[in-house]
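Below: a set of structures, written as structure tokens.
Look at the two complexes coming up: chain A is in both, with chain B in one and chain C in the other.
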Partner chain A sequence: MNYQAPLAKTVSPYLLWFMIHKSQTGVAVLDFQSRIAQGAEQDSWVSVLLTGLSMHLVVLLMFYVLKHANRGDLVSLHVQLFGRGLGTLLNGVFLLYLLLLVCYQLITYSQVIQALVFPDMGTWRIGLVFLLLFVYITSGGFRVITGTAFWFVLIPSLLIVTLFIPLQYADWRNFLPMFNHSLPEYAYSAAQSLPLYIGVELLLMYYPFIRNNDKAQKWAHIGVMHTYLLYFVFVVATFAYYNMGQLRHSVWPTLGMSKIIQFTFLDRFDYFYIFNWVFVITPPCCLILWSCTRILRFTTRMSGRVSLWATAAVVFVIVAVFHDMLAIDRLGAVVRYAGTSLLFGYIPLLAVCVFIANRFRKSVRDSEA
Partner chain B sequence: MRIKSLRAALLLAGTVLIAGCGSDSVINRIRVLVAVGFDREGEMCTGVVAYPNYIHRKGSLAIMKGSGREPKLIMEQFQRQSPRKIRYNKVDSIILSRQIASEGVTVAVNSIERDPALGSNVLLAVSSCSAESIIRSLDRQELENTPFNLVRQNVSDGAVPLSNLYFFLHDFYSEGKDPSMPSLALDKQNQIFIDGYALFKKDRLKLVLNLEEMALFKMLQGKPKIEQLFTYKGEHYVLTVRHGRTRSVPHPGTSPKSMRYDVRLTGSIRNYKGNLLARLPDESRAFAEAIESQIKNKLLALLKKMQAGKLDSLGVGERFRSVERDWQAAAFYREDYPTMDFQVNVVVNITNSGAGE
Partner chain C sequence: MAASEPLTIESLGELMALVGKSADFTRITLEAGANRITLSVYSSMADNRQIYEHLMPGLQGMQEKIRDWSALLGRLPFKDMSVETEPKKIAAKLQRGFAVIELAILPAETLLIDISNESLGHRSNNDTENEFAVIGPKAGFVENLEINMHLLRQQIAVPQLIFEDMTLGSLSKTKIVVAYIEGLTNPELVQKMKDRLRGIDFDVVYDSAMLEQVIADESNTPFPLFLTTERIDRISYVISSGQVAVMCDGSPYVLSGPSTFMDFFISPEDYYLPWITGSFFRIIRIMSVFFSLFASPLYIAVLTYHFEAIPTRLLHPIMLSGLHVPFSPVMEVLFLETTIELLREAGARLPAKIGQTLGIVGGIVIGEASVQAALTSNILLIIVALSALASFTTPIFKMANTIRVLRFPLILLSALLGGFGIAVGFTLLLAHLLRLKSLDSPYMIPFYPFRRGNLADSLIRSSYQHTTNRTLYLNPLRKKRYHPNMAKDDIDHED
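Presenting the complex of A and B:
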């Protein structure tokens, strides 16, 4: 079935690599090490890799589902499978999830900036600056977002080189004894690492905009592999740098590693590191805003520009309202839970629905013949 | 046209907002603290800080003093004392008096660790004299004379064990290692110098090693570049270690458990007759054996001293944790560490004994 948007609006299939990878990396990279270490401790790198491998299955399921969507995206598939009423309701739920996801990214990054750089600055001011940037990029359309994602993969990748400096302080014995944990402990770490891969579900929205999308699956798998290999590098570097006791007391271990980096011309490299994270969160936030706009355009009569500004306004209000640490923590928990349920619960369920619908349609067609 | 004006408005709004991010902190109009010292005076904690004064002193250091119940409260007092903004993102040295260190540094460490303004390279040190006198000795001195640069120079020279906030926290939160930091003092000319190495049992200062013991400690840690005095046929000589490597091998299966240190040193002999050793292989071997035996005895004595003080500053527990699957810190330090057998093997390779007679 493979629906594809007009050629002028599509991007080359290889860019799916960058889109998938970039939509998965966000603020979760800042503190995931502390979370996953609560289970299998120094062995939790195994859980990160296994969870990453499981994402290939999720990608397979998404491609299967999307191939059977009339207009190649989740929004049309919902209506196609469940009818206009229930389909619109499900689209609304998905829109709500996306809104919470972008708010979570923005609020968490604002928190980092407030805690480490500008303690006196309000969340709404930081949120507004970044939101205007996101709206500007998103208003350029999907191709502009793709270009941004491409460059914003390359630029922060240079930071990986700086891991060499904290690794000079590495104690590789932190990994010993290896494989010294029980299955439930590995499972706990795996459950904690699942939210790292949230974002890949945005493919459900931009799939029609990939040229020759039926043949683009390999690039999606490369993107997923890029993500979990990157997380693996971060986990290894973190566990070599911190011991378990230290990790338990570290709020943002990834940023903490940058605090040891010092150059003669730059005393506090960590400030540079913090602001480099803009390159990490911008593409997923833009992609989410764009997806929200698509849903609104499909389900309401709003134009693209109006729906983009409406989405941005809602995000701004939520970002400005959330001050309470407990509420922010709860928002994070909701997003993590919802994202994980979507990837490992709803997408397989959707695949089953599509499979049953196809079987039903085929049997009807056969009986008619 | 509408799009252009919208873009211009966006750009303007963004610029205004970003401009708001930069608080007005011109470098010579704020007090950027570089070194901080804390002492205990009864119930109160006193703090003395050094900062470069760019207006009246062309960047040489000036001093401020405050007191409070906690180090963090002293920082607030400095804000109230100062006509200019105080910033401590560039603090590179934190000196604690021995009294504070002996009473426990948990509170201080917690507030230092949680303070995002501090980097991980900050030097933590204890002072044999009061921390105030250490910081006051920096008055009108150049910025490069801070304790941080003094210790860094000696660390890079290989004489002092590598130590900073990162290492302290690493050992502090480790189950199988105790933290340590350099000890500083003032000489008669009011110059700061390293007078030893302070060993902590978790958060409390327990023992200060002298300079010779500090060198041996560094030798056991690995990669030493130190000088060792030794005697041969009643004469004193100095071994300058150019390269060294130490390997620690835990033996969890023996009873009692044992730990072996294999120390390999390559160096030259100072104050011997020119390069005579090169021409006398037998003499050279006898020299090496004398050094090996003396260093071995000193290292064993240091290990026993730390063992007797129940201090594991070398991370013996960590070594056993890494090879034992069911290692328990409490049981290890209660039953195994006090009776542990230490073995030291020293191999010395003498490359030369100088160039002239």
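Presenting the complex of A and C:
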């Protein structure tokens, strides 16, 4: 049953590592530390790690589900399991979720730029520049997106080296006392750290474009592991650098840390971080736009190019009209709830459905024989 | 193929009437009794000494005796003689300098004798002045295809080196040769290259650089997708690593492919120097590309939007040097960059000796004067001059031009959006490079798709012990280049 796209359009299995990792890391890396610290405080690194570990399970379930899809992706599986009508409805819901996700990334990043670099630049201008860039990359196809993902894992990774400078001011006693929080507090931190891991579900869309995809699971797990190890490094560095009181008042702790870095020719090293985040958010956003395009082409009669421009136009309108800070916060919350229910509710449910459908088909085949 | 064939010739008489209009066409008739021998030739294409020393003496006095071609074939001392009846083929050979002999008693047939003068109008040597290397051979390809094939066969002395020829251009009828090594080069690549060349319909093929653009996978790009070089060592290297080369008559540049982005930053000199020195210079070259692309955009971005990013002690001299400049940084940069482009373009069009003088006038006089006239700041002058210098370190001139052109969109982006614009510009550039393909093979190999085996000879040029395998993306039929000669590498090895 395992489906794979024509060979010329696929990418090597090891690139799944970069795709999974890159689709997870987004704009949330800039501010997650102060959010998660509201729960289990100095112990919340445990929650980050545990949420990351649970992603292995999600990947396992996704691979199980995808192996039984006719065309190897979620949209075809929906139609296959639930019929044309309900399947299309579910695809529509998934499309909506993806649109919210890309808007969330763009709006949050625009906030960073407006707060720290260009106070006068409208969100629509930033959104327009980004969307034109995304459309150019996405129209190159999946291989080009994978290429940008590969490069933009490597280039921002160089920034990890710069964490050593804030760590010179670290106070390792910030981690003490250890493990003195209750389970609900850990759970709160875990829930707050979920936006860090959202994006792994895009595998449901690009799975057929991975060569030998049924044997590629190893690379997906390596990608997931890369993600939570990276976050672990960031969380540990942040908690060592800030104490809890400072962290509570810091909006973008990652950027705050980078401000201590100084060279004789550069005073504001945080600019380096901010502009590097262009590289960080570009591949996941392109991948989301690409997925939207795939869904639209599957369910409507629009060609790929038209659906790409249509998606970009819709995203632009949403990004341009969102001004209210409260509304933006609510958007973040909606994305978090939707992501949680997708990763931990819907994907297991889908796996159960696939399992039952398989059993049913098998028993039908047995009774026929 | 030739959809736009300009002329059709129906008969021999028509052909002779047509070519007779040209001043360089010669027609000699030897008449005796009933029989008549006519000799027609383009004196501009043929070796005239051969006509009067060998051909005419052979024909004289034959008018009476001759009854068919065999009598002449046995008498004349030429290597290539053939009897032809079709006017089209006769016309083609006549153009290349063959002599056409007609007999009155055999009106339909003609004898074609090769007395063409191949060396006329060609220089015999090329000192590779455009792709100069201090160490290594100085001889390059010339405008003559025969000589080029000779030069290449001297370096690759195996019978497996195949030259396949074809003719291109409805007016120029240019001879094209596809060169590869049988049993090494992947036959698919050869086939692809030949298919692309056969698919061309063009009137005059002036240079292989033109072919490069016509057969390129993507025409909307500033990047050259195939390497064109005048260096023999370069072509023999790419052929021996499994690429296909295309030579074009009349062009000293030989084209090869599929090429990668990195190929354009490799100089043959890297291989003649010890690997450490060679790698060092290669890294310098690659860094200078980045410098040349991003130096002036960064200057604009920092001085227009992010001056708080510079420490006060550095900001002071920058501000002082630009104190009297009335323009915005982007105007300053555009003014200086345009000046440099003008100098470069003027230097390229002028004769070499005047070009040198121009460089001095431009570089020193204009630079110094524009600072004193407060048109630009000193620091910017240094940055722009350095980045111009950096862009000329690229060994392949075409790629150097590309880099010079690409600075301008980046300058505009940084003027509009500051550092954000530079990041967006870099992303666009990378995405564009990732989309490119050369003969269906990705342009960014070995970095993406990542090929570990090819990394040994990419950013750095590893020692010859580590480059024993051929580049794998070309899928050569023989993977091994040579034996690594590793024996003496082990500690205290005794034999």
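We take it that the second predicted complex is superposed on the first by the 369 of 369 C-alpha atoms of A that agree within 3 Å, B and C clash if a C-alpha of one lies under 4 Å from a C-alpha of the other, contacts with A are read in each partner's own complex, and residues count from 1 in each chain.
Here, a contact is a pair of C-beta atoms (placed from the backbone, for glycine too) under 8 Å apart; a residue touches a chain by one contact, two chains touch by 3 or more.
Keep in mind that this is a model prediction, so the values were computed, not measured.
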item	value
Partner chain(s) touched by A:267 [first = chain B, second = chain C, both, neither]	both
Partner chain(s) touched by A:82 [first = chain B, second = chain C, both, neither]	neither
Chain B versus chain C as contact partner of A:11, first or second or both or neither	second
Chain B versus chain C as contact partner of A:118, first or second or both or neither	both
Which superposed partner A:136 touches (first chain B, second chain C, both, neither)	both
On chain A, the residue positions that both chain B and chain C contact, one per complex	118, 129, 133, 136, 262, 267-268
Interface residues, chain C side, partner chain A - complex	305-306, 308-311, 313-314, 417-424, 426-428, 430-432, 434-435, 444, 447-450
For the chain A and chain B complex, residues of the former touching the latter	115-116, 118, 120-121, 125, 128-129, 132-133, 136, 169, 171, 173, 176-177, 180, 242-246, 248-249, 256, 259-260, 262, 267-268, 270
Partner chain A, residues of chain B touching it in the complex	7, 10, 13-14, 17-18, 20-21, 23, 89-90, 113, 116, 119-121, 166-167, 169-170, 172-175, 318-319, 321-325
Chain A - residues contacting chain C, complex	11-12, 14-15, 113, 117-118, 126, 129-130, 133, 136-137, 140, 143-144, 147-148, 150-151, 262, 264-268, 271, 274-276, 278-279, 282
